[in-house]
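See the structures that follow.
Shared chain: chain A. Partners: chain B in the first complex, chain C in the second.
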Partner chain A sequence: MPRARTGPSVPALLVVGIAMVVVLAVLPRLIVPYQTVLITYGLVFAIAALGFNLLLGYTGLLSFGHSAYFGAGAYAVAFLMRDLNVQSMELLIIGGVLGTLVIAALFGFVCVRYTRIFFGILTLALSQVLWSLAFKFFWVTGGTDGLRVDSAKLSLIGGFIDFKGAGAYQRFVYSYYYYVLALFIVATVSMWIIVHSPFGKALQAIRDNEVRAQFVGVRVRRYRWLAFMISGAFTGLAGILWVPLNGLTTPDILYWPFSGELVFMTVLGGFRTFTGPIVGAMAFNYLKTYAVASTEYWQLLLGVVLLFLVVVLPTGIVGTLARIATKLGIR
Partner chain B sequence: MAALLQTIDLKRYFGDTRAVDNVNLSIAEREFVSLVGPNGAGKTSLINVISALLRPDSGQIIFRGKDITRFSVTQRVKAGIARSFQLVNVFDDLSAFENVALVIFSREGKIAHLGALAHLDTDVITEADKVLDHFGLNAKRDAIARDLAQGERKLLDVALAYALKPKLLFLDEPTSGVSTRDKGQIMDTIASVVRGEGITAVIVEHDMDVVFKYSDRIVVMTQGAIMAQGTPDEIRMNEQVALVLLGTSGPDAFTRKD
Partner chain C sequence: MSPNIVIIQLLNALFYAAVLFLIAAGLSLIYGVMRIVNLAHGTLYALGAYVSAWAVGGAFGAALANNLGLAGLFLVLPAGAFAIAALGAVLEPTLLRPFYRRPEEYHLLATFGLLMIFEDVIKYLFGGTPLSAGTIMDRMGSIPIGRLLFPTYNLLVIVIGLLAALALWWFIYRTRFGVMLRATSQDRRMAAALGINVGRVYVQAFAIGCFMAGLGGAVVVPAQAAVLGMGVEALVLAFVVVVIGGLGSLEGAFIGALIVSLVRTAGIQFFAEIELAVLYLIAAAVLLVRPTGLFGKA
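Up next is the complex of A and B:
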């Protein structure tokens, strides 16, 4: 009888996962709508960071241009709604993910020919191409004004839920929270399966030793490209879910500082762990929201946090907690 | 006996340095061949060219009757050529088990599977455990590769090449950097696995005791070219070889301890 692999024990993970989901499911009944919106944003960014970390944590490629895929998803939704009058969120998701995939496939095809700093610079440059298109072609993209995406025009679950009439925004916030939560669960479980699949192990092998990976038959460039597309699609999905919440998409989300925020979130949570990007995205979302609300020097505050992170907690929140847990003899 | 591998006028220069200089090497099926020669003789370069880590400047490589000169690394792996490395080349952040399992997934064409969880495939698990067992690594199954001892890492490196079930296996100094005591053990392990499975093996080795003990045939290289080849007994008697390898000659050059 073959021994099961040590490492993640599936039942234990399920228990923790279900407990987390239950907490998230009852939370909106206990908190004010503003907090519900904040958590929704956190979940959206968590999906984006999960996608980003498939490249950084598992494939060993630091993308500095993931704003491109987040923005591609967001703009795809805005175009589909404005030009084709699509109102079903499901259709918007399908269209948006396909649109993002096309761009990720194209950009990825170029970028995976390089690694390390060259890869990072290329991803950055290509994302800025999209940004400048959104910025300059104002007759298509609305320029710096961006494009409005009205949540009142939206319908969820095949038209089953819509947001017309009185109290529309409150109903939207409440329903949309569960909608995003459901997709967050789907995204997290999918990503968990991907990184624990033979394909996921191949990516980790490429990360650890590119040359040897080739010599055991792994087609390195093709696998990097696939990882790039999957990563882009996850981040694109986040962009799609983000627009109705924000009500507006502007070139800001295509601009490089937003790519930097995705890096920040992931490093904050810990890119060497699976849950790191999720925790990091939630934490960053709160950190930024309260930093912006409390001081006009919020960038400075974030800078100090980043500095502290790199110097004192290089393994991020989850990595550090895991180390403390190991020291205390838990697990 | 038909040659499994044949190189025809294989050439690779680095500027003026003739790393591989018109090498015509033929390896028969199930042979255990040692490649010896002083440092810089071109042994590793020759293996690099045959395994596609380096492109040849000219010449041909024929493997099982097919010209594979233009094949990429992964195509050659698929054709049945595997190798280990002089400096340990494993997946440092994966466990010993995961290292081997990955190779089996790759060999079986299952590696592109996104869905199937890697730790649920019982066929692969069984085989990976068997490979670890062959190489005496089962006690370290779940240890991260980076935490293994140098000798164990060397064995894991060889195990990765072996797990591809190659027709032809190149081992580039499998015992370098390990203690003399472990050396014999590693070589015994490798030889028994290779002979047991009927794998054709080409090994680069400096320790002449090891070379004489395990080889069917010894190929001596200097300055990128083959200067002599033959059975261990023929090489032992060859005074020119002794001069090149040891700097001394005489009938008992290889056994004299001084």
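Up next is the complex of A and C:
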């Protein structure tokens, strides 16, 4: 296991972070709406990967079932809109996160009894329970047709912004971009605080040496469970934000290959760094979108990229850049 | 429910168990020896099914069928199994061996990459339309059970599954190679120190595991057409089998396949909506009570 990096200082991080936010904030004025939608997707997946990495990078648990929480968030929104006619995005987020938390708490309670390969298989098996339910109970979930979530029915910021009348979709694209961007910032800052808090440090201690962590008084299983729930909630939030953008939720996002994609994103960016999952999610989103657009055999392309990554660049984009920077003496 | 339906459903379950055993035993063998969970295993099964269907339906298969009849078709049916075994023998030393000393996360990632690649290789080679070797099943006819009919071919698959289990058991517990295999699986370094060519054992074990997956595909394809996505689905079911039976255990794969098939068949009959969910929940429950599975050794 590589030596833990101390990372850049907080002021430097703030400067870079604010610069990034400013760029992201003015970007929609410079690019076509399609690109704005793409970045919105990227930001959504970045939230999911951030949550996922709390388990993989900081707690040392590889979940192969995070599609469950992404999907739980997505389906919760679809149910709330259809059955309770909820239109306020904030209420949908609260309801969706609560729903995801319940499932993450339940699954996590079972899964954190194990580590390593058994943890991976158990998370996978449990996520497939949700998938098979969504797949089979078609009169509730729409089966493979999925459930439609109409962005025109939504309202943001307590009903302040809604999407009715002419040009609604255009307005939705822009408003929703900033909405997601704001939540992405909140999520990133919260995650940064979590991993730098005593709780986050305890998780890293568990990751590096479970027995020693136990000896210094860390309640390993409880901490893992908490990490699991937080991780699930973040990924669930991503699922919630994803649905209105996609307009439809299908069992595909509960199926286990989607969990694999979340792992892919995180490893692409580098799971040993805080920013890795964010960069990885954005990069993966572009990679997949263009691979799908340019060839029928996009899976092959992604598979080759993944293999290359694992063999040649196991530390991911950010890890590799950091290493190059260290070598060149920039820091 | 009439007793005949019960018999038919039991036979269906056994047919299903035979196929599932072939897949899961390969997965389990590979894990037992190399400690690698091969996420691409299901896709290799699918590839085996496609290759066999292609071989049986192709010009060569047709020529053999004209000259030798059904026997000719059976001669080409195992093509998928041998093709996948050969593929495995190439894959292990080139792509998988560099990962053994790395953490398990990388095994899963690398084999997930292989899964994506092979899914598209199937699409590229055979296209999106289902491919079947149904002529074999049609030619073998069916046997009457009361007033119902059961395909003779499916009975044959049950027998093949049993024979494969016996052969594998004999191979692992009664041959010199089996001893080497078990020694390597228990302590790789000690085995190497005692003069066993560990690298060769790995290639052979992986090839056998792949052969089993390919054979599973080969025997299933006369009864069910090969379709895209069948591998991804099969892998999760094989997971359920090995989790119930114990990763790395041959007996476990056998019992696990029987349990999963019986539950599934009963599920389709009585509780179709939660049939799959019940399976995954059983797997989770077993993992909770006995993390190493019913037959696993820590």
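Everything below uses one rule, namely that the second predicted complex is superposed on the first by the 323 of 331 C-alpha atoms of A that agree within 3 Å, B and C clash if a C-alpha of one lies under 4 Å from a C-alpha of the other, contacts with A are read in each partner's own complex, and residues count from 1 in each chain.
Just so we're on the same page, a contact is a pair of C-beta atoms (placed from the backbone, for glycine too) under 8 Å apart; a residue touches a chain by one contact, two chains touch by 3 or more.
The model shown is predicted, which means the values in this text are computed figures rather than measured ones.
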Legend entry - Partner contacting more residues of chain A (chain B vs chain C): C
Inset, instruction - May I ask you to decide whether A:Leu133 touches chain B, chain C, both, or neither, giving the answer as first, second, both or neither? - result: second
Inset, instruction - Using the superposition on chain A described above, determine whether A:Thr320 touches chain B (first), chain C (second), both, or neither. - result: neither
Inset, instruction - Considering only touches as defined above, state whether A:Phe64 meets chain B (first), chain C (second), both or neither. - result: second
Legend entry - Touched partner set for A:Trp256, first chain B, second chain C, both or neither: second
Legend entry - Touching partner for A:Leu306 - first (chain B), second (chain C), both, neither: second
Inset, instruction - With the two complexes superposed on chain A, say which partner A:Tyr297 touches: chain B (first), chain C (second), both, or neither. - result: second
Inset, instruction - Spell out the part of chain C that touches chain A in their complex, as residue ranges. - result: 37, 39, 95, 98-99, 102, 104-106, 108-110, 112-121, 123-124, 232, 236, 239-240, 243, 247, 272-277, 280-281, 283-284, 287-288, 291
Legend entry - Complex contact set, residues of chain A against chain B: 2-7, 193-194, 196-202, 204-205, 207-209, 211-219
Inset, instruction - Write out the stretch or stretches of chain B touching chain A in their complex. - result: 51, 53, 73-74, 77-78, 82-83, 85, 89-95, 97-98, 101-103, 105-107, 110-119, 121-122, 125-126, 129, 141-142, 160-161, 163-164
Legend entry - Touching residues (chain side chain A, partner chain C) in the complex: 56, 62, 64, 110, 113-114, 116-118, 120-122, 124-126, 128-129, 132-133, 135-137, 255-257, 260, 263-264, 267, 296-300, 302-307, 309-311, 314
